[in-house]
Structure formats: C-alpha cells, structure tokens
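Read through the structures below before going on.
Each of the next two complexes has subunit A plus one more chain, namely subunit B in the first and subunit C in the second.
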Partner chain A sequence: MMTPHLNRIYLGAAIVFAIIYLFPLYWMYVTALKSGSEIFAYPPTFIPKDPQWGVFSHVWEVRGMGRFIWNSLVIATGTMILVAGLGTGCSYVLARYRNIWIDVALFLVLMLQVLPASLMITPLFVGFSAVGLLDYPRFAVILAVTAKAMPFFVILVRATFMAVPAELEEAALVDGNSRVGAFVSVVLPLARNGVLVSAILIFMQAFGEFVYSKSIIQDVNLQPASVGLNAFMGPNTVEWNNIMAYATIYVTPILAAFVLLQQRIVAGLTSGALK
Partner chain B sequence: MTQELQIELNGVDKHYGAFHALKDIQLAIPKGAFVALVGPSGCGKSTLLRSIAGLETISGGEMKITDEVVNNVPPRHRDVAMVFQSYALYPHMTVIDNLTYSLRLKKTPKAEARKIAEEVAATIGLENLLDRFPRELSGGQRQRVAMGRAIVRRPKVFLFDEPLSNLDASLRVHMRKEIRALHDRLGATSVYVTHDQIEAMTMADHVVVMRAGVIEQQGAPLELYDRPASQFVAGFIGSPAMNFVDGVTNADGTAVTLEIDGAPELKLPRQVACNQKVTVGLRPEHLSISAAGQGTITTKISVIESTGSTTYVGAGDTGKITIVLSERRDISVGDTIDLSINAKDIHLFDPHSQMAI
Partner chain C sequence: MKRIRSSIIDGVGFDLVLVGIPLVFLLLFSGLPLVYNVLMSFQEVDLFSLGEVFRPFVGLKNYRALFAQPEFWPIMWNTVIFVFCSIGGQFIVGFGLAVFFNTGFRGSTFIRGLFLVSWVMPGLVVGATWNWILAGDFGVLNYLLSSIGVISENIFWRSDINYSLWAVIITNIWLGTAFNMILLSVGLAGIPKDLYEAASLDGATAFQKFWTITVPMMRSTTGAVISLGLIFTLQQFDLFAAITGGGPANSSNVAQYWAWELSFRQYDFARGATISTIMIAVVMVASVFYVRSTRHEVRG
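On to the complex of A and B.
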C-alpha cells in the first residue's frame, strides 16, 4: 500500500517534471507576444508587459504562411491516406497468420523504423531523381514519409487487429461471407478506433516532417511550414518574436487537436475495440 | 429418423505441421440426428467440428454433406450454421442486425429478413431485445442470440461448439433441454461438441467419444454406458467415474480376485480366459452397501460427501473406491462396510490394450 505521504511526493515530482517538459512551449508563447527589447531583457519577464497581439497576422502576411501550411496539409493528408490505405491490409495479415515468415516480415518492418531519415535521404534522393519523381516534389515527399511512417502504423494497427477475436470472422464466414467481405463488414468496423487513431498520429507526424521536405522540395512555393520556419532562422536572426509567432501558428492547431482528442487517442490505443 | 445421410466422413485426416490432430475419422450422420462429440480437451473434437464447418481444411480423406464432396468448399457454400463457445456475436451490430446478417448477405429483401428474424426472436424469447447491442445482454441472452442467428438461416446442419460452457450451472441444464427441443422442432441435423459427458448423454441420439484424434467409440448413449469398448470410454462416460481395480481371473475363468485388502472374489457373468491379469471396472452407482458379512468386498469408509439427494462414499485407504448412494444411510467415516455388486454390472478390461474383454 502507498501511504498518502508517498503519494504526495510522487505527485510533486510529476508536476515538477511536467513543468520542465512544458516550459519551452510556454516560452514560445510568451516570446511571441513580447516586444523586441523585452525579449532580451534581464532578468527575463515571465508574463509579457505589453503583449503584441498583432504579431500573428503580421507574420502570416509577411511570410506567406497560408501557402506553407497548405503544403504541410497536403503532405500530411497524402501521407495519412497512403499509410492507412496500404498499412491496414498489411497489419491485418501480420496479425492473423502466425508462422516464421510473419516473424521475419515483422523484424524487417521494425528494421525500417530503426533507420534514420537523414541516412535514408541520400539514396532516396538519387532514386527519386532517377525515376523523375523530383518533378513532383510534394508527392515524392509523401512517398518518402509514407515509407518512414509505415512501420509505426503497422505495429500499432496490428495490435488492434489482434484484439479482434478470430471467431467473429469465422462466424461471418459460416454466415455466408467471403474472406474479404468478413474483413470489411466485421473486422474493420471493430478495429476502426485503432486504425483512425493511428492514422491521426501519422498525420501529426507528417505535418511536422522536416528532413525529407527540406532535401527534396527546392521550390519555395511547394515547401511545408517546417521548411519555411527553418528558412526564417538565419545566422543573424533577431526577430525571435516573429519566429515564435510563426511556430505558434504552426503548432497550436495540432496541439489543440491533440489535447481535444487525447482521451480518445489513449483509449483507442490501449483498449481493444471490443467490450 | 430416416437413414438418408446428412454428413459423411471417410478416413478424414488433419495435420497441423507434425501434429496429427485427426486420424482416419469415419463418421456417418443421418439426416435429423443429434450427434455429440465428446472427449477431453485436445482430443480433436473441435477440430472435427471446424472441419465440418469448413473453417479448417482437412489434409486427407473425404467429407460429404448431403452427398456432395465438400473437401474444398468454403464455409459460405456449405449451408451450415455454427454456434460458437464465445457466441461470436458481432459487437458493433444490434441483435436484429446480428440475426439478419446472413439474410442480408443472401440479398433477402429487408422487410422479409426482418420478418423472419422477428419470428425466430419470438420463438426464443428475444422479441424485446432486438435493438440492443450484444454488450447490453446477459450471458444467457447472448447465447440465445447466437442460437437465433443460426436458426434464422434454416441451414442443413447446425454445429455447436461447447455453446453452454460459459453459462452458470442451472441455466446450462435449462438450455440443454431447450436446444434439444429446438432441434426436434426444426428437424435439423445437429453436431454438438462438448467436454461434458452429461450434456452428450442427455442431448444426443448418437455419442462419439474421441481421444487424441481418434474415435474411441460411437453409439447410442446408453450403449456407451452399458458396453464401453475401452477403459477410456468406461471412465469418461458416467459420473462419478467408474472405479478401476486390478485383479486376476481364477483357474476356470468364472470369477476374478481383486488385488485389494482381503482379496475379495467376484463372480463373473460369463467365462473368460483363466489366470489372466485384468482391470475390473465397477460403476459407483452399481455398488451397494450390504449388511456385515453379506457383501463380497469388505472395506473401510474414508470419505463421505453428501449433497442431500445423493451421498458419495469413498472407501479403501485413499477413498479409492467410490460408491453412490441415493438413500441416506447411517454410516460414518471409519466404519467397516461390505459392498456387493451384480455380476452383470462388472466390466473387465485388458490392462495392456485397455480394451474391454
């Protein structure tokens, strides 16, 4: 049994760690609102004296953020659709069959996850260039990110499918359905939560993707917000408030979505779809 | 019951890699029969049922359903319905959608499907639950939905995979009768898998006892009880289990001497090989306690368990011999008693082959 005393110590420790972890986020928000001189003031102020609310629309206009965000959305949506489309069937097969080849396949899938994007980009770039994919740079990035994100999706969704009892599928087969029909009408609806949640996580991951986009997309008009943010920061940058405003506009929607959905996300990943 | 066959298995084999799950199964199931497959876990009874359903592909032999070879026919074209142990209700569908699932697949018009499902629901007492989801039902109600889903289809064959094992004891006894009544009303052919020999004995016309992928014996329930072909069947059918005592037949083969304290001698109903080691099977319900000096086996009571209606008496040093008494007796642990048995109720088995003599 945990004593109330010990409980309080754990709670305190949790709060301290949460503060340390969330401090940069907080600092991003307050820096965005500070004026130029206040940013460099010492001692630093924790609450802006004169919040500059106009900074957001200013940055949006000046940096052409609409275009960047749109490109990020295109890449994230494309990746999510491609990963979910290709990965769902794959995860199902990996969940339903048990033999040595499945283990080999799973091992290879996990291996892919281990390779860092910065290592993969050179061969990918050369390969894409050879087949002419660089003429469609956003699509090329979608392909590259899909390959990178697929293992994560497959591992998560496979676990979801494993939670759907095989007997339900067998009941559907005996009731007169085909394998494909049983998958679509019985297994997929029951695994829906896990698939959706994993797809959302992939979307969030792709929305923040940087390495592939930076390397593959040369045309500024096609670059996503992550690359745009990077271009904003030069060696002599002093407009920290503008940069932080950009960052704020970039991450706040995704952060809000995550906070709103987090309960369902956690539930979707941990509990099976069945009760 | 007609002699027309509904299901016919000829030399059916099933391998899982190196594991031989079904060995040369011969089984003929007439139309309208209620057949129970019984045996301990891992004996292959569920594999056999799943093979009939088409969920497992058999590795050898021939399987026919109404004279059509179905070895490679997928489940949906076999016209069989199955009730699963876990019920396997579709959790994302309401009761009515569960019931009409197969009809919708057959493109039955919606209104007609609903009508059929409602009729079936009414016969099994589900009419007020049609819009509920499976998670909102009790175990017994789920069981009924699973049955209903099978009935709605009017299949050639009903397959039951331990459908009652998740219910509590009293409901199980009740559903036992209900399933049998349903079978009779629908005139269907049923194959019922269970590990509970009482279910098999009470429900089935024909009981198939399996062990390690082999059919040990099949026949009418009482035939298995009266004339078990092997020590395994003898021990499996009947509750509490048959007592087995080592013994040796005498010089002319008309009696057997038991190898327990006092070396009692039992008269045999017919003559067998003389001076042979045998295993003697005595059903607990066939043993009776006689007045001192009048029985054949003299022993001591070591355990008494009374359920009110019946009393289980364990006799011998470790309660080795079980006796079932249906009347109350004034006995207590430590008493010396005399047991007697009718010669016709004595079973003899070969200690090596374990087959009946």
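On to the complex of A and C.
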C-alpha cells in the first residue's frame, strides 16, 4: 500500500496536527501547575518552572470539590441507569421490526433529540415547579437529562441490535424460550458491548451537564462540578492556576476513561451516529 | 389479566412494553414541555402564576414585545453569524483532517480517535480553558499570534465588542471539528476504492480525483453533517456561560443564551418561552433536513 518512508511522513504530520489540536488541553494542565505569579509571566512559559503539585489538594479542599464531584456522580449515575434501563428495550424493538409505526417512532425520537436544553429548560422548570419536583432538584435534573440523552442512546444502541442476527433469537424461541427469555439470555449478551459503550457515553455527557443543573439546583450543597466551576470563574478572577486545577481534577477521570475505551467509542459512534 | 401477562412475557405485549414506557417518558418530559412552551408564549406569566397551567391569555403580546426590544435583531444576527461561521469552520477543518486520515497510514485510527477528547470534555471545562487562552493581557493565543506577526497589539477577545462573539466561535469550531471529522471519515470510508484506481489509470491528478470523485460521493454525508452541525450549534450554551456570558452589552449574545437569560436572570418566563418557541421551530426545520438526508439509512 504505502511505502514505509511515506508512512513515516504522514505519521509525523498527524502527530503535529494532534499536538496543535490538543494544545488547549496541554495548556490547562501546565497552567494548573504554575505558581500564581508565573501564570502572568510574559512571554508565557510553556513548561512550568516550579511545578506546584500541591495545588490539586488545595483547590479540592478550598472549593469543596468532594461535594461537587459527588453530586456530578449522582446525576451521571442516575441518568445512565435510567437511560440504559428505558432505552435498551426501546432500541431493540426499533431494530427488530420494519414498518410504518417503527418509522414514526424513530422520527419522533430523532426530533426529540434535537431540542436544545437551554430552550427546553424554561417549560421544564415551570412544569417542575408546578408539580413540586423542584423540591428534589437532583432527581429533577436526572429526569430532564434522561429525556435529553435517551434519543442519542437509542440511535446508537439500535445500530448494535441491528447487527445481532435475528436467526439466533428465532432459534432460542424454537428451543422453548419465552420472548423475555430469548431477549435476556441470547440477544442482550450479544449486544452487551454496544450497550455498555453507549451507556458510558451517556455517563460522560451527564457528568458534564450544565444548563439543567444551573437552572434547577439552587442549593450549593446539591450542585454538580460544572456549576461549581462556573461559580469559580468570576468576571475579574486572577486565580487561573486554581481554576485550571479544578478543571483538571474534573476532566482527567473522563479523559482517562476515554483513552482506555477510545477505539470502542469511535467504532460505536461511526456505526450508529449517521445511521 | 392472565392473557395480558402472558402476552407481555411471550408475545406482542413484550414489544409494546419495551417501546411504550420509554416513549411515554419522552412524551412526558420532552413532548409535553414543548407544547407547554408554546402555550406559555401566549400567556402572561409572572412569578405568582408560575405554578398554574391556565393563566390569562394575551395573544401575540409577548411576540410583539420581544420584536420591539432593541436587542432582538442584533441578537438574531449574532445567532446567524455564530451558526454560519461555526459550521463553516468545523466542516472545513474537519473535512481536511478526515481526508488526511483517510489515507490510512499506520497509526491513523489511533491518532484520529485522540481528536475526539474535545467532544467528551464537559463544555464548561472547554469554556474555562479557552477563556484563559483567549485572555487579553496574558493569554497564550495573543502571544502566539503576535510572535508570528499576525497582530501588533493584544486583542481583548472577551471584552472587546468587536471580538467577543468570535471568541466563542473559535472555541466552538475547536469543539466541533473532531465530531465533524469522525462523521465525514465514515462517509469517506464508504467510497469504493476502485473509483480512485480507475481514475489513476486514466491519469487523473489528485486534485481532479478529489473534485470529481470525493466531493460528489460525499454529498449525502455532507448534508447530514451540516444539518447535524446546525442542530448542535443551536444547542451550544456552555461556552457562552463560560467565556463571555453573552456580553459585553449583548455583543456575543445569541438566541439560545438569551432565552435562558430572560427566564432565569430576569425571571420573564413568558418572553423566555417566546424566544424558545421561535428557536425550536428553527431547529425542527433543520432536523427535518437531517432526517431526510439520513432517511434511507434509518430504514436500513
């Protein structure tokens, strides 16, 4: 195909592109490690002269990040469970049949996927306040984020179920399984990877969610890390090293999970997103 | 009762339950708010009547009041610029990278995947990082631009009304490029290789091959990616909250951020609902284009 020499040139160019593209991420990490005076040095230093490793525990304590991260985890976990619990069966049915009703349901799901959160929050907030859900703000956020994220999950997981041969399920039915039995013991295990990767994507999305949490959760003790980060960035702030340390703590677990699962996530996206 | 139960375990009822519960959930938490939103845009809403469903109807008063606000047209124009430039930038850079990575050198899939980190990062973190990169006096972008001689004095990206919208657009292009690239890569991978081989045998140059094979073969993918880009760009909120807050003086405000500001900063839920209704109609039109351009694939 490609000569080794040409391959090396392309690889080198690709690495240069990646370095340019990922520079903001690098800048977040190095800024976090710089001292309060070094961040204002001109010209800026690209490698911190005196890395402040203590900044992370300092910011964690001063900003009360334990509470914020915990709330983010609660919201992300709740959303993931609800989305996967409701969405998996739905995508299975939407993958299994082809008729006009399935088309209608798919169209509905696609249309609901596109509604911007910042526009839907007004009616959701007023509706939630009418039925008293604002007294359970994190639960209210989970419900809202689930409604926002489920269509995306259904579209991704449906592609996975399409790849499971219908013959296998039919064989299980012939062997005397009920529909429930065939679904749980034959179809679901075969689609397990796709469902898991999509659920993790939903978790990541909900972990970074901002609009709904910012609008619905007034109590600081119940707010997630995104709202905490927003509150940290006042208009005239000079603590950029601390803000970047906050961002680093918040984003690094997500990045680590992403790098580990990178190939599966990309494969899942490319098979589902455009289909 | 028994028949219903056995149908759920072993019949059509199983399918109906699996698809029915999620659809009811979606209608309750997406469909119903949508209808409620339209209803609210025709009502008079204040903080005391917030909990009621039926409030005094005021006809088109909210719409008229909204159009009469001096910031309405500037914000709409900002929205158009934001959407148009974001999509353009994301698409052009994404397409270039997709073509580059499609050459299939060793390691291309792995490095291409790394680009997607921008897409999994929380929007607020992206916004915070770029907020610092774009800082006026100490921002690294100003330093890099002036050291290669593009600018002679620092640009105050976030506080200069001529640049504040561009600060968000630049960030949004960075954010969306990777996703565009991945989707376009799928389309590129679907073009049969023998087309290029046949063209090479006929002596076509690389540019001719790109123009006569790649571009026409990518038409349906391009349609889907652009309409998806429109949908995602109109959803962008976090970057505005994290970088400019719509300011200074609404110079970087766009419709979707304004709708939230009206409701949750000024507690004018009726006007918030009114602008939401208008924008949701725009998004719906975009999504019809999206569904149309992917319909043959949706049907499988």
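Everything below uses one rule, namely that the second predicted complex is superposed on the first by the 248 of 275 C-alpha atoms of A that agree within 3 Å, B and C clash if a C-alpha of one lies under 4 Å from a C-alpha of the other, contacts with A are read in each partner's own complex, and residues count from 1 in each chain.
Everything below uses one rule, namely that a contact is a pair of C-beta atoms (placed from the backbone, for glycine too) under 8 Å apart; a residue touches a chain by one contact, two chains touch by 3 or more.
Only a predicted model underlies this, so the values are computations on that prediction, with no experimental measurement involved.
Peer 1: Under the superposition described at the top, does placing subunit B and subunit C together on subunit A give a clash or a fit?
Peer 2: Fit: subunit B and subunit C sit side by side once superposed on subunit A.
Peer 1: Return first, second, both or neither, reflecting whether A:Ser178 touches subunit B, subunit C, both chains, or no partner chain.
Peer 2: Touch partners of A:Ser178: subunit B and subunit C.
Peer 1: State whether A:Ala117 touches subunit B only (first), subunit C only (second), both chains, or neither.
Peer 2: second
Peer 1: With both structures placed on chain A, which of the two partners, subunit B or subunit C, ends up touching more residues of subunit A?
Peer 2: For subunit A, the partner with the higher number of touched residues is C.
Peer 1: Based on the superposed arrangement, let me know which partner A:Thr146 touches: subunit B (first), subunit C (second), both, or neither?
Peer 2: Touch partner of A:Thr146: subunit C, not subunit B.
Peer 1: Quick check for you: in the superposed arrangement, does A:Val251 touch first (subunit B), second (subunit C), both or neither?
Peer 2: It touches subunit C, and subunit B stays clear.
Peer 1: Draw lines from the C-alpha centre of subunit A to the C-alpha centres of subunit B and subunit C: what angle do they form, to the nearest 10°?
Peer 2: After superposition on chain A, the angle is 90 degrees.
Peer 1: Mind working out whether A:Glu170 is in touch with subunit B, subunit C, both or neither, as first, second, both or neither?
Peer 2: Once the two structures are laid over each other on A, A:Glu170 reaches subunit B alone.
Peer 1: Between subunit B and subunit C, whom does A:Asn193 touch in the aligned arrangement: first, second, both, or neither?
Peer 2: neither
Peer 1: Once you lay one complex on the other using chain A, what is the shortest C-alpha distance from subunit B to subunit C, in Å?
Peer 2: The answer for the closest subunit B-subunit C C-alpha pair is 8 Å.
Peer 1: In the superposed arrangement, what residues of subunit A touch both subunit B and subunit C?
Peer 2: Common interface on subunit A, subunit B vs subunit C: 178, 273-275.
Peer 1: Residues of subunit C touching subunit A in their complex?
Peer 2: 9-11, 14-15, 17-19, 21-23, 25-26, 28-34, 36-37, 40, 45, 50-53, 97, 100-101, 103-118, 120-126, 128-133, 135, 137-138, 140, 143, 147, 174, 177-178, 182-183, 185-187, 221, 224, 231, 234-235, 237-238, 241-242, 245, 256-257, 259-260, 263-264, 269, 272-273, 275-276, 279-280, 283-284, 286-287, 290-291, 294, 297-300
Peer 1: Any idea which subunit B residues touch subunit A in the complex?
Peer 2: Counting only subunit B, the residues touching subunit A are 50, 53-55, 74-76, 80-82, 84-86, 88-92, 101-102, 105-106, 135, 149, 153, 159.
Peer 1: Using the touch definition up top, name the residues of subunit A that touch subunit C in the complex.
Peer 2: Within the complex, subunit A contacts subunit C at residues 1-2, 6-7, 10-11, 13-15, 17-18, 21-22, 24-25, 27-28, 31, 39-40, 42-44, 86-87, 89-90, 92-94, 96-98, 103, 105-127, 129-130, 143-144, 146-148, 150-151, 154, 162, 178-180, 183, 201, 204, 207-211, 214-215, 225-226, 229-230, 233, 235, 240, 243-244, 247, 250-251, 254-255, 258-259, 262-263, 265-266, 269-270, 273-275.
Peer 1: Sort out for me which residues of subunit A touch subunit B in the complex.
Peer 2: Those in contact with subunit B are residues 165, 167-168, 170-178, 181, 186, 189-190, 273-275.
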